[in-house]
Amino acid sequence: MTSTALETVPATLRDPMLPRAAVIDAIKQETHDVGTFTLRLDEEPEPYAFRPGQFNMLYLPGFGEAAISISSDAEERDTIKHSIRFVGTVTMGLSRLRAGTEIGIRGPYGTAWPIEQARGRDLVLVGGGIGLAPLRPVIHHVLRHRDDFRKVTLLYGARSPGDLLYAESFEAWKQAGIDVHVTVDRSEDSWKGVVGVVPLLFYRIRIEPKETVIFTCGPEVMMHFVAYEALARRVPKESVWLSLERNMKCAIGVCGHCQYGPLFVCRDGPVISFARMEPYFNREEY
Amino acid sequence: MNQARPKVAVYKFSSCDGCQLAILCLEDELLTLAEKVDIANFLEARSRVVDGPYDITFVEGSITTEEERERIQRIRENSKYLVAIGACAVSGGIQALRNWIHVDAFVQAIYATPEHIHTLATSTPIADHVHVDLELSGCPVNKRQLLTVIASLLRGRIPDVPPYAVCIDCKLNGTPCVMVAQDVVCLGPLTRTGCDALCPSFGRGCYGCFGPSDMSKPETLAEHLKGRRTATPEIIRRLRGINGWSPKFRAATEKLEKTTP
Amino acid sequence: MLPRVSATVAIPKPDLQQVFDNLRGSRLRLIGPTVVDGAIALGEIERTEQLPIGWSDEQQPGRYRAKHGAEKTYFAFNVGPHSWRRFLHPPRLTLFSAKANGKMTIEHDGEEPPRYAFIGVRACDLQAIAVQDRVLMNGSYRDPQYVARRSNAFILAVNCTKASSTCFCTSMQSGPRVTGAFDLAATELPDVFVLDVGSEAGSQVLEGTSWAPANAFDVGRATEAVQKAERQITREVRTDHLGSLLFEHLESPLWKEVSGRCLGCGNCTMVCPTCFCTTVVDTIDLSGRSERIRVWDSCYTTDFSHVHGGNIRPSLRARYRQWVTHKFAAWREQFGVSGCVGCGRCITWCPVGIDITEVLKAFRSTGVK
Amino acid sequence: MTETAAAPRVIRVDALSRIEGEGGLMVRFRDGEVEEVKLDVFEPPRFFEAFLRGRHFNEVADMTARICGICPVAHQTSAVQAIESALGVNIPAGIRTLRRLLYLGEWIESHALHIYLLHAPDFLGYESAISLAADHPQLVERALRLKKIGNELIEVLAGRATSPVSLCVGGFYKTPAKSALLKMREDLTWALEAAKDTAVLVANLTFPSFEADYELVALSDPSEYAICAGRIVSSRGLDAAAVDYEKHFREVQVEHSTALHSVRSDSSSSYLVGPLARMNLHRETLTPEAAELAATCGIQWPSRNPFHGIVARAIELVHACEESIAIIDRYEQPPAPRVAVEVREGEGCAVTEAPRGMLYHRYRIDRNGLVEEAKIIPPTSQNLRRMEDDLRLLLPGIAGQTDREITARCESLVRSYDPCISCSTHFLRVRIER
């Protein structure tokens, strides 16, 4: 019986909520509450490819799923890296796993950093805490294609020196021609660097507003001040890109949790321009 | 809780035994449970008692005597993870209704030699006395929720007990709202889910066995009920049921009392 | 001989049973209105006697009464506590089960989704189905369960011949006359059903009935009956620039005022025929097996807006605002239609009777200034 | 065990296990003679009768369900029937039958729990059913399934087994469709067979030879095994209407117990209620298969051996399954779940047979429908005095044994009563002092 004039659908539509299996190849403890998981996927059912800024849903049976950005090199095809902060049900469950265990994965999802927009211009990456994870694929890209960009700057901060992610790579990044500025909220005796919140690092660099593209990821208040500093330096709203975080249950735009005004963060984000976000961004409890 | 067989203890304070019975009512899982954990101290079920410390301790009942007040301290010291189970342990239970009356007079009335009856003036929840790691509300607790808590702890997952109101489950079940369709007073919008919206499915109003939901607004419902011609004393009585002593219901009723002549 | 698609025919009312039988003969499960626990709800039916014959309803903010009368009407009531999304997008659905033992073993029972015939879909609800189609079936990802249930569903729509006090479909351009995709659309008259044939399938199920082309008199009476319903509608929402009005007033004190009366129970979202939000619950048992179960969620629950580090919308004010701005503002940007179809359920089934049309009116008057 | 002339030998069980609620036992011997026996009830009083005052009669069933997690149906039934009597409400036969079915569900659940999980381990030499399961898994699985079927019967009728929600003054909030009950039939048919096997199993246990001269008291009804109503009869000739309960029984306080003890008003002597009393008094009203088993199981009825309580319970379990099936087969969903109730001033009481014995509730209702006075006498407080008497009789015969053996025997005797201490509200540790 054909009814109600609807198009016909294939009988077996693959359920987009079904994860595929991935093996944990290695786990590297980055800080006291962050670990980087290296995952390996079978080529089946299809080879895996992502763009910097996108994320996966990681699934641990009996615990649930969590949205985690991909923090590895997009041009390195055989493995995927995720830096995970252990904060709640799923991530704590993941923290107990060992290499060799299989977990579930769906993805990649979401929008990517608009690297093309930065090509031939200055790129400023601004990260806070775990927010450096989704920026790292951009750094990998810059390292591979340094000549595509003019000045590349990383402004990064964490709560304390012990919370700094990927600290062992900072030197190599500097060598490769990235201007790295690091700050911490709270210093410790051994800390010789800058103390203060991330947006303050803007006072240490010079910005050519028309020629600069900014990518930022971190706590919402931090991004708010990053946008503020950028706009104060006349960087156009269209050149400031944020990576947002919301509760997510499906990552495919049907569960409703990640709504942010008219946007679904999973579908229209997580990477989105400040120009698009401005009417809704940082409104009290929105 | 990574060691081979965690030691589990079950203790009773002032209560009806219904919540610890929920463990025995896990008929399909009881024997598996006894394999996965060492039921080391559970007087209602077994005579053998293995000394603590215990990995998981379930405490049923409220504190109503001096002896209980002391005993809960010792139990806490002997327990790694303490779960308060049931309305008595979480909010003082139905016997906390005595907190608004003078039991002394009553003791005089029932007992010929009242001096032999030792009781505190109030019935209070476990968390008023010691640190509680997890509270599982309900009168009685839902055995599925209880099983989820145990299985979660065994697998190292933070137990997840939904805090929202009964209304949501009532709607999931498709039960037509008894308050709207039958003019029955229902505490569902104030009460934490866990019972699977049982009372409305029997055509009657929820009476609050699971205590307040995370954003329970008893005053707001009370205002509305007054407008619907429900007398204030009745509203007070309804809120002062199984979980009357829970801070939210208690505050609302005491406020209502002040505003009624 | 069967009528052509887009023909208008009339059948004697008892012939509806023949239509039911034909549908059941095509292995469809009939879902229709039936009296359950004091309300006209949706349930599985087989015979026309199970319809609420002689029943009507009376709806007001926070109040619903099903009433039995003397007349042998089949559809003399409006939408009830259930909507069709219970069947197209079920409240609880097991996605798959998994076993954790170092390996990921996923079991996904490929059970055939049920094939339904919906009896008595009202104009607003038909519009609501179209709204959910856009969310669950026309985006870049499609929910296979929804797609299967929806594509197989037969729709016998019904034009409303009375309206409840809480209806405002006229404002939302969704009723009371059925428009959009249906197989059959009926208008009930005292003696006959006047049917618009909307599809080949709609025509086929008239097999064996004593259908006849509707005469002008019947068509006239049917039109008049629906117009009568339209005249009964008193509630109204002005929809022009409604979205921008609300977005401009995200920080209005009105939110706090209304949410002060709100219980935060979420009933408004649960009865709404277009709300689509779901969460996923992971069960866990002693054997190490777990299930992932998709469950309707509501933007009123605190867990809904929970992220690590706190809650995005800790206050009820913010959650109430999320509901209203999603329905009336964001939805249009997201899916190109209004998220509200004017069925009035959220008004009737709000236990404290908060009336969305009044709330919007209040915004309108601040908006105009 | 060294015994000096001066120091008494004391045996204490601080907290009795495998019973419901908390109590202890203390036995003191002096010069080899039993000097004192005390069943300590330190379960704190919960003051139901106090806070029921001022509540509306419609709330009483929900509140009294919380007296006991194991026999809430018993409390609810006694409560609603007492109130119905106060308000002059007549309950149609169909609803009364449904209440009986609900009550039978509780008997099945409670008896299965007691027989297998609480008492049988004593006879089979295990400390618990959990250890028993290691050697005899099929026994414990049978027990659990029986118990579950009892619970499910309650759930179909009233939502949940602990604090059920459907019983109310006037009837039920909702009655089940016949189809819902028929779903239970297959399980109950299995349960009937399992109950029969259980009866044979327990009748063949080895029982201590011990007898006492009881006044047995139970509800009686010539037409059926009395549960929800009947006259109060005893083996010593008492035959009274339920309303005269308080004329024939009274409560006394003892120092070591928060539970009051019930005694006969005239003689101040103890009496026995519960399965053994019921079986002894009116076996003739058992269902056919239960009656057949009672006659052939090898126990001589009437029996005055309290340890035979487990057999009586098993035969009642057979009865409960058998009668449940019969009720389900005859069941027609009543036209209305409850009858209209008009508020009026009044006083009423009801006696029903809880799994553990007679349960008395009395209420006085004022003209606004609020409770003015409530009185609740649970079976365990009626049996407490009798338990102490039994222990006093039992001990001289076993005084020569070790403390461990004495303790075990005493505990088993107490368990044979299936005491429910939480239930005796105003109501175990064993202490033996020698």
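Chains here go by letter, A, B, C and D, matching the order in which they are written, and residues are numbered from 1 within each.
What we mean here is this: a contact is a pair of C-beta atoms (placed from the backbone, for glycine too) under 8 Å apart; a residue touches a chain by one contact, two chains touch by 3 or more.
Quick caveat: nothing in here was measured; it's all calculated off a predicted structure.
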item	value
Partner chains shared by chain B and chain D (touch criterion as defined above)	none
A-C against B-C, pair bridged by the larger set of C-beta contacts	A-C
Inter-centroid spacing, chain C versus chain A (mean Cα positions, whole Å)	38
Distance from the mean Cα position of chain C to that of chain B, given in whole angstrom	37
Centroid distance [mean C-alpha coordinates] between chain B and chain A, Å	43
Chain C-chain D separation of Cα centroids, rounded to whole Å	51
Shared-contact residues (touching 2 or more other chains) in chain B	151, 155, 157, 203
Chain C, residues touching no fewer than two other chains	283-284, 288, 303
Category of the chain touch graph - line, ring, star, complete, other	other
Chains touching one another, given as label pairs in label order	A-B, A-C, B-C, B-D
Complex contacts: residues of chain B adjacent to chain C	29, 32-33, 36, 147-148, 150-152, 154-155, 157, 162-165, 167-168, 171-183, 186, 188-190, 203, 214-215, 217, 220-221, 224
In the complex, chain A residues that touch chain C	1-9, 12-19, 21, 60-65, 85, 87-88, 100-104, 219, 245-247, 249-250, 252-257, 259, 261-262, 264, 267, 279-280, 283-286
Footprint of chain A on chain B - complex, ascending	151, 155-158, 160
Touching residues on chain C, where the partner in the complex is chain B	36-39, 41, 62-66, 80-82, 86, 91-92, 260-267, 270-271, 283-288, 295-296, 298, 300-303, 316, 348-349, 351-353
Residue ranges of chain D touching chain B (in the complex, touch as defined)	15-22, 42-51, 54-56, 59, 62-63, 66-70, 72, 113, 117, 121, 127-131, 133, 137, 140-141, 144-145, 147-148, 151, 158-163, 165-166, 168, 173-174, 252-253, 255, 258, 260, 337, 411, 422-423, 426
